[in-house]
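One chain, subunit A, appears in both complexes that follow, with subunit B as partner in the first and subunit C in the second.
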Partner chain A sequence: MTHGVQAVTRRDTLRKMVRQRQLYLMLLPAIAAVAIFTYAPLFGWWMAVSDYKIGKAIFDAPWAGLKYFIEFFTDTAGAGHVILNTVVMNVSSLILGLVCALAFAVFLKEVRWAWFRRLVQSASFFPYFMSWVIIYAVIYALFSNDGAVNATLQSLGLTNKAINILGNPDTSWGLIITVNVWNILGYNSVMFIAAIAGIPEEQYEAARIDGATRYHEIRHVTLPNLVPTLIVLLILGSGSIFNSYLDQFFIFTNTLNISTMEVFDYYIYRFGLKLGNFSYATAVGVVKTLVSLILLVGVNWISRKATTQSLF
Partner chain B sequence: MKRRLTAFDVFNGLIMLLITVVMIYPFWYVLCYSLSDMGMTGGNKLLIWPRGFSFDSYQVAFQNATIVHGFFISFARSVIGPFLMLVVSSMAAFAISKNDLVGVKWIRRFLFFSMYVSAGLLPGYILIRMLGLTGTFWVYVLPGVANVFNIVLIRAYMATLPAGLDESAMIDGATYFTVFSRIVLPLCVPVIAAVTLYACVGQWNSYIDAQLYNYRNPELYPVQYILYNYIAVKAPTKEASAASHGLITTAHSLRMSVTVITTLPILLVYPFLQKYFASGLLVGAIKA
Partner chain C sequence: MKNHRFLRLFALMVMLTMLIPTFASFAVAEAADEEYVIQLIVSSSQTHARSDETEIGKVIKDKFNIVFEYLPVNDDSEKQSLMLATGDYPEILRLEGGEMVQDYIDADALVCLDDYIAASENFKVRYAEQIPYWRASSKDGKIYSWERYVPSDLTNAMEVLDIGVRTDMLEQQGWPNLVSEDDWFAFLQKAMEENPETNGQKTVGMVLPLAESWGPSLLTEFCEKGGETNDQGTNDAVVWNQVEQKWVPTWTLPAVIDSYHFFNRLYQAGILDPDCFTDTYDQVQEKINSGRALSVWYCTWMSTGANATLVSNGHPEMQYINMPVRSNAQVEAGLKRQIRVETTRPFDSYVITNNAKYPERIFAFLDWALSDEGQILLQSGIEGKHYTLVDGKRTPTDEYITGVLTNANYSSDEGFDLASFFGACKQGDAQGIAYNLQAAPVYYDDIFLSDRQKEAYASLGWDNSLSYWLETGELAPTGLAATCVLDPDSAEGKLNEKFKAWIAVAATKLVIAEDFEATWEALNQEYLAMGVDAIVDKYNEILVTNQERYEQYVITTP
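Right, the complex of A and B next:
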C-alpha cells in the first residue's frame, strides 16, 4: 500500500520535472560553469599533498603528505612577514575604510545643499571604478621620485631629496592603507547613506522637541542607527582578511618594497607561477582559504551570540 | 524646520570640498599633464590647468597600432563578457526563483556555496590550461559567465515582482522561457542594468588574466595590460632612473594620455553606473 503511494508520488514528481524541463535547461549553463570554474579546481588541492611537477598529470603526482604545509609554517623564512603584511594591511584597511565611510556618510547628511551632496557623493565613487593600473599610473605620476609632488616640493625648497613612497619598505603599509581607504570610501558609504535614509524622520523630530542640537542628533539618533550596518559590513569583511587583490599587489609590489608589501596572494603567485613550486604554493592557498572560511563562520557565530547581527 | 547657516555648515562644507578634491584631483592632474604642450612641460610640477595646450600625446597614442588594438580587445571583452554573463545568470536566477521547481533547494545550495569557496590561483591556472583556454580570447569571458552574486541579486529583484504575473501567462499556455523573456526580464531592467554595467567595468578594468594566461600573445593584450607594461617598465628602481631624460618625458606624456583614454569609457557610463550601482548594491545588501 505504502509502496503504491510512493510510486504515485515519484511518478508525480517525475511528471512535474518533465513539465519544468525548460527551467532545468535554463539552469544548465550556470550549473555547468560553476561546477567547472569553481568546484572542479578543488581537485587541484591534491597538488598540495603531493609532489606535483609542471606539465605532468595532477593525479600521477606521488603522495607527499603534509610536507608543504609544515614547510610553510616552519622552514620558509618568508612566511612570517607575509602573514604580518597581509593581516596588518587588510585589518587596517577594513576598519579604517568602514569608519571613514561611516563618518563621511554622517557628515554628508548634514550638508545643507542637495546639489552639493550629490556632487560630493559622485566624486567619492570615482576611484572605486578605476582599475588598479590606472590608479597606480595616477599615483606614480604624482608620487614617484620624479613625480609632480616631489618636483613641486623640491622647487619650493622644502626638501632636497626626493621622497620615495612607492619603492620604500617603510611606507608600504601606510601607502596601501591610505590608497584602500581612498578607493573604497564611496563604495562603503553607499550602505551607510542608505541606512541613514532609512531612519524614520520622527526620531529626529522627537529629538528636536527634546531640545537636541545637531551634535545630539548625530550622537543619539544617526550613529546608533548605523551600528547594525557597521557590524554586518565588518563580518562580511572579516572573511577576506587574508585575501588581497592580486591586480593591486601585482603592480604595487616591486623589488625594493617586497619585504613589507608582499601579501598571501602575491606570495602564492610568486612561488607558484614565477618559481614553479606549484605544490608549495597550492598548500599556502589551501591554508588561506580554510583559515578565511573558519574566520568568517567564527566571527559570524560570535556576532550572532553577542549582537544578534549575523549573515547566516 | 529651516535652520540658520552655522559655522558648522561652512566647516562641514569645506571638509566635503576637500574630500571631493582628494578624490578627483589625481585624475585631473593626469588629464592636465596629457594635454600640456610637451615642449613646455620641463619639470613636472603640480598642475591645475594644462600648461600650453596640445593633443600631441594623444596623436602618438592613436598612431600606435598596439594601443589601438588593445582598445579593440578591451571593448570586445567588455561587450561579450557581460552579455554572456547576463544570459547565463539571468536564466539561472529565473529558474531558482521558482519555489516549486523540483530540487530547487539543492540547486540553490550548490550555487550559493560556491561564493564561499575558492580553490585558489594555481588550481584555477591548471584548470584553464587543461581546458585549452590559455592563449585565447575566451579566457577573459568564460570563467565569469555564471556570476553567483549577480544571480542572487537578480533573483532578489525577481522576488519583488507580483507573483501572479507569470502564473496567469502560464495558464494561457506560455512556456517558462516565454514568461522569462517576454514578461519577467523586461520588468527586471534596473537590476539587469546594474549587473551589466558592473560587469562591463570589471571587464574593462581587468589585466591580471592577460598577465597570467596570455602574456605570450600580444595580439590579445587589453589596453589595461599595455598600460601596465608602460608603467612596469618604469618601475621605481634604480635602473629606471638612469634612463635618458628626453625619452622619459615623451614616454611620460604618452603614459598620461593612454591613462586618460583608458579612463574615458568609464567616465562616459559614470552617470548610469552611479544611478544603477547604488540601487543594485542595496538589493544585495538587503539580501545579505
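Right, the complex of A and C next:
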C-alpha cells in the first residue's frame, strides 16, 4: 500500500516536472554554473594533501598527508595575526554594515520628499559598483600624508605632523571597517527597504489609532518587521566571515600596516599563489572554508534557538 | 575489369602520396611567410600597442614578418607562477629569477634551446661567456633561457645608481660635493627648510618606491657603496662578498645596518617621503617629474624622463644629476667600491614557451637580433634617421638627440624598447661605440647631458659625469654569484621566502623606529630565531657545486 502511494507520488512528481519543464530548463544554467564554478573546483583540494608541483597534473602529485595544515597551524607568526585580522575586520564590517544599513533604510522611509529619498538611495548605492582601485585613489587623495585631510588639519593648526592613516597599523582596522560599511551601505539598505515596503500599512494605521508617534512606529512596527531580514543577512554574512575582497587588501596593505592588515585571502595569495606554494595555499583555503561552514551552521542554529528564525 | 579498378585505385593512391609532401611544403612555406603576431607581457607601459606602429618595428616586420603585441601589466613577476599553473602563458615570456625558470623547466613548459644554439650563427658567439654559466645553473645542463642586458662591459655599461638630486638645490647651496651620509643629511635638511614648497606643492626630500616588490632591497644599498660586497642578491638573506667570493648574511652586514640607520635619520627628520612605503614606481615618477622630490634614491634612471618633462614644463634649472653616496664608515675607510659588472642576469630571463606557434622563427629572429646588424637596429635605430656614419662610426643625428632630450617617450615612440628582450647587449661594436648610443661614453656627456647637467658637473669640478666612480671604484664581475639559486621546495628555499617577507616588514620598522638601536636589537632576536645561517650555508654549498659544473661546461662548450 505504502509502496503504491509512493509510486503514485513519484509519478505525480515526474508529471509535474514534465509539465513545468520550461521552469526546470530555466533553472539549468544556474545549476550548471554552481556545479562548474563552485563544486568542481573542490577537486582541487587534493592539492592540500599532496606535494603539488606547479605546472604538473594535480592528481599526479605525491601524497603529503596533513603536512601543509600542520605547517600553517604551527607557523604561529603567520597564522595568528591573519586569523585575528580577518575575524575582527570582517565581523565588525558585517555587524556595523547591517546595523548602519538598517538605520539608513529606516531613515529613508521616514524622509517625506520622494525625490530626496531616491537621490540619497542612488548615491549610497553607487560605491558598491566602484572598483577598489578607484576607491583607493579617492582614499589616497583624502588620507595620504599630502592628502586633503592632513592638509586641512595642518592649515588649521590642529596638527604639526601629517597623520599617516594609510600606513599605520593602529588605524588600519578602523579604516577598512569604515570603508566596507560605506561601500556596502546602499546594497544592504535595499534589502531593508524592500522589507519595509512589505510591512502592511494596517500595522501603522493601528499604531497611529493607538496614539503612536513616529518614534513609536519605528520601534514597535518597523524594527520588529525587519528582524527576519536582519537575521537572514546576518546568517548569510556569517558564512563569508573569512572571505575578504582580495583586490581591496592588495591595494590597502603595505609594509607599515601588514601586521594588522593581512587577512586570509591576502595571506593565501602572498605565500601560496605568488610564491607558487599551491599546496600550502590550498590547505589554508580548506581551513578557511571549513571554519566558514562551521560558522554558518552555528549561527543558523543559534538563530533558530534564540529567535525561531533560520535559513535551514 | 576488377584488376583495372584496382590499378586505377593504386595509381590514385600513388599520386596522392606524391602530392601530400607538396601540400605540406606549402603549409611550411606559409608558416614561414605568414605574419607572426607574438603577444608579450610587459611591465613597463609602451606608447604603442604593436611593434609595427614604430619605425624600428616596421623594419622588423619587413625583414621577418614578425610583430610584437604588448600586454602591459603592473608587475608581471606576480603573474608568472599563476600562468604556469593554468598553462596560460604567452609564446615568449620574461621570468624573474632562476627559481621561476626552473619551475617552468620542471613543468616541461619551455623550449630547450640547445639544438637551435648548436646551429646558430650569433647566439653562441654573443653569449660565449654566458653559456657555461647558464648551463651550470640549470639542473640538466641544458639552456632554456637567455637574459637581457648581457653581455656587458664596464666602458659601455657602467651602472652607478646612487642619488639623483635636483641641480637647483645644489646651486642654492654653492655646489657642494656630497658623498657621506652626513653630507646628504645636512644638505637635504637645509634644502627642505629653504624650499618647503615646489611649484605650489609640498616639497619632499627623498623618494623611492618601497611598495614595489623589489622596493625593500633598496634600503640596504650601502652594501655596494664601498668595501667587499655588492648588492647581488640583496632581496634575499644573503649578499655577495666580491673580494672573498662567497655569500654572507645581509642583515648583520655593517654597511646594511648603516644603510637602515641612514633612512631612519631621514625619516625622523621628515626628509624621507612618508608616503614612500605606499608609493609604487609610477607615483615616484610623478614626484620626480613635477620636481617636488629634491632627490631620488637609487632609481636615478627615472630622472632621464623626468628631466625632459621638467624642461618641457619650463623648469630646466630643476633637472636631476646622479651623485655618489657612502656611509660615514665607508668614507672614513676609503675602500674601493665594487662596481658590479653583470656576467648573468637571471632575474631578467626570457624564454620561448611550448605555446610558441613557430619557435624556430622566434629563435631565427633572436639569432639575428644578436648579430651586429640586429643590435645596431634595435639599439641605435635606423641609419640616416637616428644615426649617421661619420668616419665609419655611428653618430647620433640631431633628430635623435633632440628627441631624447625633449621627449620622455621618444625611445618608446620610435621603437627602441620594443624588442630589448632580444639581447640588448651592453657592448660596443667593432669601433667600440656602444650599440645604445645614449650609453656610449664618447657621446654621453657631450650630447646626452643637457646644458644644465653639464653646467652642474662643471660647477662640481668633475671631469665628466662618471669621474667620481671611476676614481673610487673597481670592476666586480658577478661571475657565478648570479647562478646560485635555492630550490623553492627545499627547506632553505622556504625559509628564504619567509625571510623575504620578514625583512620587508623589519626594514620598515627600522626606518620608522624612534629608538633605532633598541628596535634593531629586538628584530635581531627574531632574526636569530629564524636560523638564517642555514640559507647562507646552502648558498655557499650551491656556489661550490656550480663552480665545479661551470669548470666542466667552460671546457666542453664549443
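What we mean here is this: the second predicted complex is superposed on the first by the 268 of 312 C-alpha atoms of A that agree within 3 Å, B and C clash if a C-alpha of one lies under 4 Å from a C-alpha of the other, contacts with A are read in each partner's own complex, and residues count from 1 in each chain.
Here is the rule we use: a residue touches a chain if its C-beta (ideal position, glycine included) is under 8 Å from a C-beta of that chain, and two chains touch if they have at least 3 such contacts.
Worth saying up front: this structure is predicted, and the values here are computed from it rather than measured.
When the shared chain is aligned, subunit C comes close enough to touch A:I258, but subunit B does not.
Of the two partner chains placed by the overlay, only subunit C lies in contact with A:R270; subunit B stays clear of it.
Counting the residues of subunit A that each partner touches, subunit B and subunit C differ, and the larger count belongs to B.
Of the two partner chains, both subunit B and subunit C are touched by A:D146. Within the superposed three-chain model, A:F69 lies out of touch with both subunit B and subunit C [touch as defined at top].
Once the two complexes are overlaid on the shared chain, A:K53 sits against subunit C while remaining clear of subunit B.
Once the two complexes are overlaid on chain A, the subunit A residues touched by subunit B in the first and by subunit C in the second are 140, 144-146, 164, 166-167, 254-256, 273, 278. Those residues of subunit C that touch subunit A in the complex are listed here as 78, 81-82, 84-85, 87, 100, 103-104, 106-109, 201-202, 210-211, 216, 270, 273-275, 277-278, 488-489, 494, 497, 501, 504-505, 507-508, 512. Those residues of subunit A that touch subunit C in the complex are listed here as 51, 53-56, 140, 144-146, 161-162, 164, 166-167, 254-256, 258-259, 270-271, 273-278. The part of subunit B that touches subunit A in the complex is made up of residues 1, 5, 8-9, 12-13, 15-17, 19-20, 22-24, 26-27, 29-30, 33, 43-47, 87-89, 91-92, 94-96, 98, 100-102, 107, 110-111, 114, 116-127, 131, 142-143, 145-146, 148, 151, 175-177, 180, 201, 204-208, 211-212, 224-225, 227-228, 231-232, 234-237, 241, 248, 252, 255-256, 259, 262-263, 266, 270, 273-274, 277-278, 281-282, 285, 288. Against subunit B, in their complex, subunit A makes its touches with residues 13, 16-17, 20, 22-24, 26-27, 29-34, 36-45, 47, 58, 104, 107-108, 110-113, 116, 119-120, 122-127, 129-134, 136-142, 144-149, 151-152, 155, 164, 166-167, 182, 185-187, 190-191, 194, 208, 214, 232, 236, 239, 246-247, 250-251, 254-256, 265, 268-269, 272-273, 278, 281-282, 285-286, 288-289, 293, 296, 311.
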